[in-house]
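Structure record follows, encoded as structure tokens.
Chain nomenclature is as follows: A, B, C and D, assigned in order of appearance, with residue numbering initiated at 1 for each chain independently.
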């Protein structure tokens, strides 16, 4: 089966998966006990008003009708309006999403690459003193609560000892007044000075999984017969280690989606500690204000983020491992 | 055919493995020689040190293993003290190649078969990539595999095809010695027969010696010219296959032959050898077979037994026809027959009793 | 290759990663386990922290919520002194006493969540591993789905709509966190099931519960204890995060809540004696559980690679 | 052969496995989309194990012999044909009959290193079957010692408290044998018990099994890939190829006078410990095809040097001319048009023994 068909198959299944997730999310949100209407009721609105609201928002129609209507709008890009700000959900969320992607994207990637590289070094040095102790730093950063790690870095660089970096927010208030478009903010030095500490925190937190999984995966591969054969045929250490890395990267890739899901949890905490206006802090705000449309959209973004992660992993798999994408035609020789 | 100097000479080889608080004497005082263009079978049960010897020949011992003493001479040059890098530049794959035990999964699944060949060529020769590919393609044909498939991945090959690819890779740089570590153990009997037959074919049109390591004595008798029987890290007996079959002079060799099932004589009671091979923790300054040997005497336990030559036996070799069909089976005195049993004279009549029984069996079934 | 076999291939690969047979059998392995200083540090710390959780309240100089007065004036934000070893909090409580008191709720959260995680993971692992076929396939797809659930956002939703009950949060974490260990238990059960001694017991007519009780579980004890320790660490880590977001019951003085109070005081970086001790204690507990795990894993790798560590 | 009733009889036994039980494949199968051909591991096998008789099932790896054994043992349930034990068909077995079957038909496996639960002592391992069948009685220890002595592990008392890690490979297999004997069984199922043991201790195990069959009047079904070890222990040999028994007969008949081309190749391929033997290598090429998309008719036809066009039809197992007990499933030996029996075919080949004495 050619690689193209393999990619096509994966794309179809990913899209189906996202659709399935939207159904699950929709049902979950619609059945929440404390939805918007009842919250209004608690804040003193009379029952008629609540009925009016439910009618206006079409909350009384049967579930599947509501879902199809929601899906119809979603395809067009209209995810409803935010209850809290009365602004279309997409318009409200996109700036926060951008802030999160700019922070989390590069940080997770760096953490993953550094972690895998370090883990490979450890794996190849199995049994040595360096390997025995070398595993400690990633474990340390993996076991310190991410927000506490943020506090430590703030303490070291922004508050206590050397007062170099700003303590919170993405950009200081005076700069906000100068720029008119949201994305111009990314060009100011001020933004990048705010960016440094949360970025560092995420990188350090993200080291643990790739480092430990790559280390044990390299050790596993080093025990395989083909690795022995590479050694016996006298291939250079560089070639052997590259082949080991290729093999060992498969399990590391397999846990990428899991790490992505974990990264979102971390992101929420780090954005709260650093007061970073990302999707995490928006999530916390919308939950407290029971802003269901915004919440639904955020969770949809999260779902797409995870499905996309799986999709990328599948494609990378197909590229690295021929057994998957190139069919088997073992003839009797 | 044979210059006076043997291709490979191992003298008094000791190999030890260091564990956290223990030393394992895996090989003690092992000596044998491989002549040019002859196959030597290294046979013994599990844990007797035969794989350790194979690894020490190409300095591929595990990290905690080292050659404690003794010499390994390849064409007269001592190679046991070479570092891995030195050995790799001068000898590895150009002179000495290797067929691993589990050939089935020795090919890297993420690497095209041709890539494996070009990488080996890049490491040990100065051929260009194209030249290497052409040579490998031609060798693929010789090995009986479709030349068009050298760019396939290992998972697209059947078990037999992988086995032949490994043999092709071993022959790739025209080595003069191939070490095959249990080449057919994991195979079914028909595939084993095909591969062993093929290992005989490749020596017809090229100068090639082989060190074949196996636990199966019948594979050695049929496929090798000379052999060395190992027990507990020591070489019990060495010599030409014909010598050791017709005049065995070590109790272990005799009992091993009698314990080995032979499909032709089905009702012969199989000989059992009591006890277990010794655990090699202390220095082996005694005959490792002493505890299991029914004819052991106190002297056997004082000092590790040296390999003594066995005086020339009867003119016509017993236990078989005058000469085998293709004439190679007559002992041509190339390799001296040596045994490490200090009671080798008494062993003579034990061997004769064993051979009488085989001949009686043979006449019965004719 | 259609999708079915790809998933199977990837699970196989993951299984391969987890297939090490991790039961500590011979005491020789125990010797190797305790010869590693980091592992010993992990085990000793765990014992210390657990005893702190049990005997803590008796040792604390003051009660955790007793406001301290000096010549009838609330002692707020006092730096560490002989009287208050770690200074005082915004509401005048002694930080040292709160720290000692905090051990118990944190430990309770950790251990009870771990108990739920191991119970479910073992049940799923045994069923999927032992029955195999479609049951195994569907349970493993469920695990893959659960892996897609980001825990903190999901917890935020759950707590906001279902309340901050101490035990309901523990239950919630338990119900999601079993996903990790269940996959490992499953591959171990599958491996053990193929062992000749199990097949002989089945051939004699040993019933399924007998086989699981007598053969499967005893050979998995090492791994069960290991994943229990790891789950304790994970649960403490996550509950600290939730506490920090103000989503845990503030009247139960776990270390997470302490840290959150310090953060909310707005003077987090100044009152270092209030902010850092709870953070350090949490990290210490989680670190020691992971070090025990690391020591355990090295035995398996050493045994498998024949390397004497 | 005694005309008494065979202790264990297998008629046209079949065992097929679904290729993959993934949900997607199931859905596809339900909708009739993907063709999901089952793996036909055992495809119509007949066996008759007489009282106090040792039979071998020989075949290369992947021929279905272990699946056959596990199906007989009750680990897999057959998808076709039936198994008759001591006269009663297993389909009519009650729960008690099954319990009785499991007592009288124990199994010993190939891998000695995992044959005893690492958390058990030898005593626990031996008392386990007694416990399951609550036959401990008043002196379980005595039964354990007696079983150890039958397996020639003497002095038996010293073995009872040993752990699995304190036993050698040979000793572990003997404990497995003792465990099988403790319920005084009728039929012993053996899955290549000596193939992972060194030659020196292998001989003593083979001799032990041989003596047990005689002394205790046991019957034994011995599955292996190694013809030479089997010839020391078994009276009859069944040769299996890709799920079917292609030849069956007494040990001497099959070894001295093999009929089926595959059996001839199997015997000819065995190396003999004799430098003067002029054994010719087999000219068989290729390897058995995978058991999923099997060729129609005779499954050996792609590799068979004597292939005829009639081989596209599945051969019946017929008695050979000179020995009714010696059956072979090959078109060379019977006229497929109509006439049954082996007389009709013009080119009936006179069996030329491979290893008989005559060609020395």
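Just so it is clear, a residue touches a chain if its C-beta (ideal position, glycine included) is under 8 Å from a C-beta of that chain, and two chains touch if they have at least 3 such contacts.
Because the structure is a prediction, the values reported are computed rather than measured.
S.K.: Where the contacts of chain B and chain C overlap, which chains show up?
M.R.: In this structure, the chains that contact chain C and also chain B are A, D.
S.K.: Which chain's mean C-alpha position is the greatest distance from chain C's?
M.R.: The chain farthest from chain C, judged by C-alpha centres, is B.
S.K.: So which one's got more C-beta contacts, B-D or A-B?
M.R.: Of B-D and A-B, more C-beta pairs in contact link B-D.
S.K.: Could you grab the centroid distance between chain B and chain D? Build each centroid from C-alpha atoms only and quote it in angstrom.
M.R.: One centre to the other, that is 33 Å.
S.K.: Between chain A and chain D, what is the gap in Å from one C-alpha centre to the other?
M.R.: Chain centres of chain A and chain D, defined by C-alpha means, are spaced 56 Å apart.
S.K.: Any idea how many Å lie between the Cα centroids of chain A and chain C?
M.R.: Centres of chain A and chain C (C-alpha means) sit 23 Å apart.
S.K.: Mark out which residues of chain D touch at least two other chains, giving numbers and ranges.
M.R.: Residues 286-287 of chain D touch two or more partner chains.
S.K.: Can you list the chain C residues in contact with two or more other chains?
M.R.: Counting only residues that touch two or more other chains, chain C contributes 2-3, 307, 309.
S.K.: List, in ascending order, every residue of chain A touching at least 2 other chains.
M.R.: 127, 323, 332-333
S.K.: Provide the residue numbers of chain B that touch chain D in the complex, in ascending order.
M.R.: Listed in rising order, the residues are 45-46, 158-160, 188-194, 196-197, 215-219, 221-223, 241-242, 245, 255-257, 259-264, 266, 269-273, 276-277, 292, 319-321, 324-325, 329, 362, 364-366.
S.K.: Which positions of chain D touch chain C when the two form their complex?
M.R.: Within the complex, chain D contacts chain C at residues 20-26, 34, 70, 73-75, 98-99, 102-103, 106-111, 114-120, 125, 128-129, 132-133, 165, 176, 179, 183.
S.K.: Help me check something: in the complex, which residues belonging to chain C touch chain D?
M.R.: Per the touch definition, chain C meets chain D at residues 2-5, 7-8, 23, 25-26, 132-134, 137-138, 141, 195-197, 199-206, 210, 214-215, 218-219.
S.K.: Flag every residue of chain C that touches chain A in the complex, lowest number first.
M.R.: So the residues of chain C in touch with chain A come to 1-3, 6, 9-10, 13-14, 16-17, 36, 38, 147-153, 156-157, 160-162, 233, 237-238, 240-241, 244-245, 259, 263, 268-270, 272, 275-276, 279, 282-283, 286-287, 290-291, 294, 297, 301-302, 304-305, 307, 309.
S.K.: Sort out for me which residues of chain D touch chain B in the complex.
M.R.: 60-61, 168, 170, 198-204, 206-207, 225-229, 231-232, 251-252, 255, 265-279, 281-282, 284-287, 355-358, 360
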